[in-house]
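Look at the two complexes coming up: subunit A is in both, with subunit B in one and subunit C in the other.
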Partner chain A sequence: MSRPGYVLEVDRSTPPVLFHHGEGFSLERLPVGSRVVYPPEPVKALPDPDAAIRRALLEPLGMDPLPAYLRPGMRLTIAFDDISLPLPPMKSPDNRQRVIEAVLDLAAAAGVDDVELIAATALHRRMTDAELKHAVGQRVFDAFAPHGLLYNHDAEDPDGMALIGHTEEGERVEINRRAATSDLLVYVNINLVAMDGGHKSVATGLAGYPSLKHHHNVRTMQHSRSFMDQHKSALHSSNWRMGRLLAREGPPIFQIETTLNNDTFPKPFDFLQRREWEWSARDRAAYLAAAAGLERIPRKAARQIFQRILSPHAMASVQAGEVEAVHAVTTENVYRSQLVPVEGQTDVLTMGLPYICPYNVNSIMNPILVMCLGLGYFFNLYRGKPLVRRGGVVILHHPTPWEFHPVHHPSYLDFFEQVLTETTDPTEIEAKFEESFATDPWYIHLYRKSYAYHGVHPFYMWYWGAHALDHLGGVIVVGGDPKAVRRMGFKPASTLRDALEMAEDVVGRDPSITHMHAPPLLMADVT
Partner chain B sequence: MKALRFSRSLPRFAAARVAGAVQPGGGARVGPLALVEAAEPVEPGPAWQRVRPILAGICGSDLATVAGKSSRYFEPIVSFPFVPGHEIVGTTEDGARVVVEPVLGCAARDITPPCPACAGGSTGRCEHLAVGHLKPGLQTGYCADTGGGWSTAMVAHASQLHAVPEALSDEAAVMVEPAACAVHAALRARVPGGGLVAVLGAGTLGLCTVAALRRFTLPGTVIAGAKHVDQQRAARRLGADVAVEPGEVRRAVRRAARCLTVGERLSGGADVVLDCVGNAASIHEALAITKPGGRVVLVGMPGPERLDLAPLWQREIDLVGAYAYGTEELPDGRRLRTFDLAFELAAAADLGGLVSARYPLERYREAIEHAAAAGSRGAVKIVFEPSAQKEKRR
Partner chain C sequence: MNVNPLSGKGFPLRAPTWPGTVPRPPAPSRTGVDFDTDWARSPAARLARAALVDLAIRPAVQALASPIVDGRERLAVLEPPVIFAANHHSHLDTGLLLSMLPERFRRKTAVAAAADYFFDRRGKGTFHALAFGAVPMERTRVNRRSAEMAGALLADGWSLVIFPEGGRSPDGWAQDFRGGAAYLAVRSGRPVVPVYIDGTRHVWPKGRRLPRPHKVTVTFGTPISADPGEDARRLAVRIERAVAALADERATDWWTARRRAADGATPAITGPEAAPWRRAWALPPR
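And then the complex of A and B:
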């Protein structure tokens, strides 16, 4: 059995603690008495993932075995999670490849010949051919892509969406027409965090703006405590209402969910997932070599190095069948892999943010994504109550460059330049600017024909942090571009020591300090 | 009297160009501008009056002159040595406060009959700037006979003088001349009702243009390109809906026009762009963001520039100049003197608040350096205060 997560109390003998810092990292000495929350070590991987997948397909939860739904002449659609999962991208074979190949084998055996594969991108950017090939494997790609049978979802295709109906709360449920008109929709998921999967897979992944705006909004985010905790997540509730409508009125859905262990970084970066006092001489040498090397090369070169990382993630579980039955098991498996009990909240929470988040794979982590990763994802990685107390301070450690990928994030740049200069208040931003960005024909064109995130996407990133913005007394960014940091309404600091002093202005002297030692990912179970 | 005098000296012109390139306003230290003790100018005729400047602004064209960057186009219509300063509020011998309308047109030159432009009220387009009983000079501040605002005394023709209402402060009054330029530019823009307008540059002229657009035309959205945060704030205060850094203007216009980007230009764009900078880069930008059939107004004074005019040709964009003032026709059909409208604007938009610093003539080098770097130093309009000079002398 792997070792569970751990909360270390810093004393005089504690070595410096690793902080991720974008395309780099640093070792920081935390004040005596600080806490460091370490993630659990990687759970045991499935010894034979292909056999486990076959078993899941043939012995599903809450549904008949998959072959019972397969027959000649039927329309079969396989939708799968997009480039935002997993992080970092995993080494081949990707979970999606393994699962899709198994499903296709069964479909072929049943004589199904009308099969299409759709990357469930929602309003994310389209995946490139290389990215699709990596996700589904060379064999599947070659068999389907040249014939136009493997493609990205297009939420702005006027003929490509189908209305399923409205929930009891009036939420419009509209999904990809091919999926909606299929005799069977198989969804292939990789569940990295507790928010992923379940009804969210189809209700969000194959939807468009008219549906997403019902839950991707400020109110939902501020009423999710947290959106990683299904029982307290308004985001989850909305997706579940939509999913249940889909179950009644939509196509039959056969959900296949996989989880990963926490084995995140390959050599020579595997020291990043070890506890510092257990570093070997080789780990220390690797750290020193990497830190020194990264300091000497341009950021662009460092970015290329990091974006080439393929994670050694291994499949830890696979379950298939009815959406809710499947997701209940998946969620338990995610918790098993990430949950760390933590007693009590903290005044100051520190986070070292890595180079990657769900929306900058093969891209640039722009300032809005820094905010989203820190105040959206990491802040919300809690169950019970936030790791930091109301009115507390979050200290983010990231270079936060004023840099935007011109192809992937055109609306982000406009958001940063034109919206945040006027206000950083999510509610005001939503009321005043969202609609115009969401319906801007240029962003729609770039989303459909280029590789751009949808015009409304930066708004969702900002809303993702709405709960944190409402909860916190201040946000400080260590080592960030001061101008970019201030543009977002945060305070820049040169060093962690400076940041801690600045935090005392907000939370008082001698604050309690907790460092979230992630990634690898962890979820704090705060009591 | 004390005056800052600009003399013809080719070596000093060259030195000013070099110094100005090294440091903004550096031309004042080595160029042809000097503080002198000189005889007061003589009234050229009975309709002339002596004016003692209270405040006199430093304008972008003054800075170009001091830095030796002005176009040689102006050579035949200036006369040396001259005392710069054409943004002037002063007092006449009888103690009345006046603003000087500096154009030296047919009336000031005692030319009858006046040229068609002056006869029609468009004094800025006067055809007689180099003839008549005055030496050449397109404006007070560029004519050897009249003196200029950067001195303790000058002369002005009765047709140039506008009484200052008692309620208007000296600061607001000294802004009337640049405001008049802005009013003229705003009306030259022929903004369609509800149209999208972009203003490039947010120095004095750019900010006044934003204010004038809001007061005298009916634009839908006004986007201001402003380099500095204080300028962006001022632009918003004066009526810009969006104020962004220059590099962000194209994206802001695209968003407002909801058009596409095609290469380096927009598929559509603004109905009108007012270029208050006046260099090749700003004109290039203006052409890239103006919609086909739209209008670009050159408000800032340009010099010799190298430009690709293919977009102007292919998109059938009207490129027009906006210099000085005269008589304006408002959208409602009324015809009024530009200066009358400028007085109204200066009061209504509190343009006096744009005056950031006053300098005595002796500190002219500092003043010009301050003006040349005004934006980056959080300032807008820098003025001389010759009247304080006078007090000191007393």
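And then the complex of A and C:
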């Protein structure tokens, strides 16, 4: 059995602790008495994932077996999670490939001719052919892509969206027309964190700006405590209302959710997921070699090395059927692999941010994404209470380069230059700037025809951190580009020691300190 | 607080220290009964052992003990593998037996050695496994791993030397025989050869640091097989009696020993039940 997560209390014999630092890492000595929250070790992988998938399809939860819905002459649409999952991208075969092949086997046996596959990108950038091929596998790609039957969702296609209706709260539910007009919509998920999946899959993944703005906004984010806990998340409440409307008025949805174990880094980077006092001679040699090598190569080369990492993630569970029944089991499986009980909040929370977040796969982690990863994702990886107390300080460890991918993130650059120079307040930003970015024809053109994130996407990234910004007394970034850090309203620090001293100005002398030792991912269950 | 990995002397250049707040898990045992000796039965290790026995151990034994061997003819028609069960006075006994065994047994014989004594350290265990073909055996309690390993060795054609007393004699008299050899004989169906070693207590008894030369005899007895339905406890008693009869044969002559054995009058190999001085008094003279 794999070991559960662990909360270490730092003492004089504790070795320095690993901090991720973008395309690199460092070892830091934490003050005696600090806590380090380590993720659980990878749970056991499914011994035969293909057999498990087949069983899930034939014995689904709350629905008839998949073949009961398949017949000649029907319209079948298979939608699947996009490039933002999983992180890092996993070694082939990807979960999506395994599941989609199993679904297509059944569809072929049932004589279904009209099948289309859609990458559920929502307002994310389009996936390239190579990325699609990696996700669905060569066999599926070759059978569908040349005929235009495997493609990215386009939320700005004037003819491509269909209105399903409005929820009791007046939320407009509009999804991809092909999906909406199908006799069966199969959605294939990779549930990396507790936020993923459920009604959010279709209601967000196949939606567009008119629907997303109902839950991707500052108010919703500030009322999601956290958005990783669906029962206390306004983001999820809105998605659930939309999902239930879809269940009533939309196409039949057959949901397939898969979870991964926490086996995140392949050799030689596997030391990143070990507890430092258990590092072997090989781990130490790998660390030293990597640290020495990364110090001597340009950032671009380092980025290429890291972006090539394919995670050894293995499928830990698969369940299929009715959305809510499936998602309840999935959520428990995600908790089983990531939840760590932590007693009490902390004054100062430190995080070493890695090189990757959902929106810079094969791309650049720009400053807005650094903020989103730290204050959006990592801060919200809690159940119960935030790991850091109200008025506390978060210290992020990341180089935060003033660098933007010109193709993927054009609106991010403008957001950084035009919006953040004026204000960093999410509410003000939303009221004053969102609409113009969201409807800008140039951004829409780049989203549809190039590989750009939608014009409104950087706003969502900023809103993602709205709960943290509202909750915290200060944010300090260690080792970041000072200008970029200040632009976002945060304080730069050269070293962790400096950052901790600066934090004392906000939280007082001798603060309690907790370090979140992730990735691999963990979710703090704070009591 | 940042640790420059290449400038410091500590972690990660050196092994990490263990936080005092983290309980240490028990280290995976690689000593004692868990000591791996499979390598010592590889062809290369057997070749090395044969060279060691022939070039070092046997000459040393000859120099110290000038051994006389009786009863080899009792093994003439015996097919390996077998279990040699001998009394035990001295560290010399193992080398003595290994170098005095007939050739067809010697090259494929393992010695059951106390796991807690001979395999408590890696280096010590490695030496004993290589030089004597020793395998770790739990002597204080029944251990399934030990029993399974010994059974597997027999099944694989390896003869075994076992000292059923479980350790060297503390006072020159034998100790009660334990049931290990008999258990293996019952389970494997292989015969047990009783062996009586006389004189090694004068060469290198327990407690003496260095050996002194003295004449030694090794007497092989008639092989004993478990009767149908016989349990290990009864067989163990028979083995002990057989070794005692060999001791009697050594002290008197074969005919006298046979008659006393037939009458159930063989003197106990474990000596009289008396105060330590009287037991010492009753030991046969040099």
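Quick notes
By definition in this document, the second predicted complex is superposed on the first by the 527 of 527 C-alpha atoms of A that agree within 3 Å, B and C clash if a C-alpha of one lies under 4 Å from a C-alpha of the other, contacts with A are read in each partner's own complex, and residues count from 1 in each chain.
The rule is short, and it goes like this: contacts are C-beta pairs under 8 Å (C-beta built on N, C-alpha and C of every residue); 3 or more make two chains touch, one makes a residue touch a chain.
Here the structure is a predicted model, which is why all the values come from computation and not from measurement.
Of the two partner chains, subunit C is the only one that A:276 touches; subunit B does not reach it. Using the contact criterion defined above for the overlaid structures, shared-chain residue A:307 touches neither subunit B nor subunit C, since it reaches no partner. By the touch criterion defined above, A:423 lies against neither subunit B nor subunit C after alignment on the C-alpha atoms of chain A. When subunit B and subunit C are set side by side, the one touching more residues of subunit A is C. Contacts of A:237 after superposition on the shared chain: neither subunit B nor subunit C is touched. In the superposed model, A:414 makes contact with subunit B only, not with subunit C. Looking at the shared chain after the overlay, A:284 reaches subunit C, while subunit B stays out of its contact range.
Residues 232, 242-245, 248, 251-252, 254-255, 258-261 of subunit B are the ones touching subunit A in the complex.
Listed in rising order, the residues of subunit A touching subunit C in the complex are 6, 8-16, 26-30, 276-279, 281, 283-284, 287-288, 291-292, 495-497, 500.
Across the complex, subunit C meets subunit A through its residues 1-3, 5-6, 10-13, 15-22. Listing the residues of subunit A that touch subunit B in their complex gives 413-414, 417-418, 421, 436-437, 440-442, 445.
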